[in-house]
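Scrolling down, you'll hit the structures one after another.
The following pair of complexes shares a single chain, chain A, combined with chain B in the former and chain C in the latter.
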Partner chain A sequence: MSAETETSSRVATRTYKPAMPAGWWLRKGHYFWYMVREFTALPLALWLLWLLYEIQRAGRGPSGYYPPSSTPFVVFSVICLLFALYHSITFLRLAGVILHFKVMDKPVPSGLVVASQFGAWLVASIVIGAVLIGFGR
Partner chain B sequence: MSAKPKAVQKPALAHLFWWFMFSQGGLFAAVLLPVHIVVQGILGPLGIVPVVDRHYDTWISILGNPIVKLYLLVLISLPFFHFAHRLRYLLVDLGVPAAKTVPAQAGFYGAAVVVTLLTIYVLFTTAPISLG
Partner chain C sequence: MAEKRITVRATRFDPAKDSEPRLQSYDIPFSDDSMVVLDALNYIKSHVDGSLSYRWSCRMGICGSCGMTVNGTPKLTCSAFLRDYWPGSITITPLNNFPIVRDLVVDMEDFMEKLKSIKPWIIRKQEMPLGAGEHRQTMEQIDDFRQFSQCINCMLCYAACPVYGLDNEFLGPAAIALARRYNLDSRDQGTKERLPVIAHSDGVWECSFVGECSVVCPKGVDPAKAIQQTKLDTSVRFILPYGNRE
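Presenting the complex of A and B:
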């Protein structure tokens, strides 16, 4: 009896410590792309900080302002764009899982919800692109 | 009869706020950011299309517009509330459990607040507000 109590109390106080090897996310493609999705935040944050810097530089006056044209900057933007597209596609596709609507008491198919998100992305891109290019010279 | 006091259910307002900022930040980054990178980061610098930030006069003029200022505030600051959460959990997944602690949360979400304040400061000090 006492041995049994001892064992059960010892079991009760044991803590489960999950052991994850350092490179667990390299084992499967699925894990890897999950980590890439989380990582997208870093390049996107850097690009937005660059945009903020670009805005700040306009405050230096006409003689102090010059637009970025270097090859490294374009390469940086291309890399950021790949991560941005991955973020957009994975994030907007989630809407089909998260958002549930009913129209006339019938649930809207998730494919339609996702399509509407991608449609909104397309429309927003066209409008913003038109403003950025249209106000340029 | 139970002697236990009745549990009071309180809405988790702080939780609601940070999740709202996370989801909205992710949405704004997803919908708005790629076209900015394509136009301002690639097509403009390569000289393929005229872009508003390629010349001082067009850039400072559009930056003075209050609607543009509000738009840029949303575009730049909101995604950082999303990024803060993503990067914190990236650290957790890479084996840094300290990223789950309250000081880490304060650091990451605090950084998003700092970026928001910095963006407000830059937008208000760079170009005077004008409707022209």
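Presenting the complex of A and C:
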């Protein structure tokens, strides 16, 4: 454990300040899943960069365009999907913590707020899916 | 029947002699199921080693003095029962993220400064004369801030917060929860005075919502909630000009 020694000017006492270990996030499951949640942004960003590249490729016209379908790409996409789901679920559950409002002078239960977020997510997914499938035909 | 015993390891650090803390092991009787970790420390202090230093006062989870790290988790030692650890051993270390003054005693100066910076008292633009009566509140108005007013300043949330551990400039969970407590109080008119501190980059925006502060709080306060709600409120005030009006 590395450390620094400090001398407080208020009291002439030498104190010992332990440094935060690099593996602090392995101390508890809660810390570990927090790091996973933060990490999800990286694969999502990579996948979105790839999507931009595909849009640019498709912009050249239908002739000669073929969607990527190699096994490594499918595996990468599935992993990204899992990260995206974890990111979305933790984000939407946060709404129950953050949003606080009243209806008829009664606070809306956080469970109801979270349920509304997941409901909106489901509706948005169905609408976007329907639009994409519709355009694809 | 053999007497039940328990092994307690406690951090020892003498600033006059030691370059860094070490653990010292004590084997003590576990005579009563109602014994808490603080009782074990008091036994060591009274019967084994009188030089062991630690803070405590009320022994009933109110004063917030006896916060330490017990087997890796920040706890009030007066509320942590030995029976929950026995027959395993107990390792007691000072609260994480604070400088160690001696043994299990940490330097609270940084926390006290942060607490003071958010002005944890009711601020009025103009004090009402005593003859005008009380500042009356409905039960609903009290419910708005009640849970944030339960904080006993035990600093467990700071010890559990890796953001504070990595950057001591962070205002921290308890101070922000207390700021929210007063900002939500219908008698208070000091939100604008607290905003420069809580909306600062070292304030609520430093928090990345680990959430462990709310898990370890012994009084059921939810500092993580206070911080995220304050982020939303300060954003709304920033986006909507009329939000800055009183």
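FYI, the second predicted complex is superposed on the first by the 115 of 137 C-alpha atoms of A that agree within 3 Å, B and C clash if a C-alpha of one lies under 4 Å from a C-alpha of the other, contacts with A are read in each partner's own complex, and residues count from 1 in each chain.
Everything below uses one rule, namely that a contact is a pair of C-beta atoms (placed from the backbone, for glycine too) under 8 Å apart; a residue touches a chain by one contact, two chains touch by 3 or more.
All figures in this text were calculated on a predicted structure; none of them were measured in a lab.
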item	value
First (chain B), second (chain C), both or neither touched by A:I133	first
Chain B versus chain C as contact partner of A:P67, first or second or both or neither	first
Which superposed partner A:L92 touches (first chain B, second chain C, both, neither)	first
Touching partner for A:E38 - first (chain B), second (chain C), both, neither	both
Partner chain(s) touched by A:S125 [first = chain B, second = chain C, both, neither]	first
First (chain B), second (chain C), both or neither touched by A:Y16	second
Partner chain in contact with A:L26 - chain B first, chain C second, else both or neither	neither
Partner touching more residues of chain A, whether chain B or chain C	B
Touching partner for A:L48 - first (chain B), second (chain C), both, neither	first
Touching partner for A:Q56 - first (chain B), second (chain C), both, neither	first
Chain C-contacting residues of chain A that also contact chain B	20, 25, 38
Chain C - residues contacting chain A, complex	13, 15-16, 18-21, 72, 96-102, 107, 109, 140, 143, 162, 165-166, 208-212, 215, 222, 224-225, 228-229, 231-232
Chain B residues touching chain A - in the complex, by the definition given at the top	26-27, 29-42, 44-47, 49-63, 72, 75-76, 79-80, 82-83, 86-87, 89-90, 93-95, 115, 118-119, 122-123, 125-127
Parts of chain A lying in touch with chain C, wherever the complex brings them together	1, 3, 5-6, 8, 10, 13-18, 20, 24-25, 27-28, 30-31, 34, 38, 94, 97-100, 105, 107
Interface residues, chain A side, partner chain B - complex	20, 22, 25, 35, 38-42, 44-45, 47-49, 51-52, 54-56, 58-59, 61-62, 65, 67-70, 73-74, 76-78, 80-81, 84-85, 87-88, 91-92, 120-121, 124-125, 128-129, 131-133, 135-137
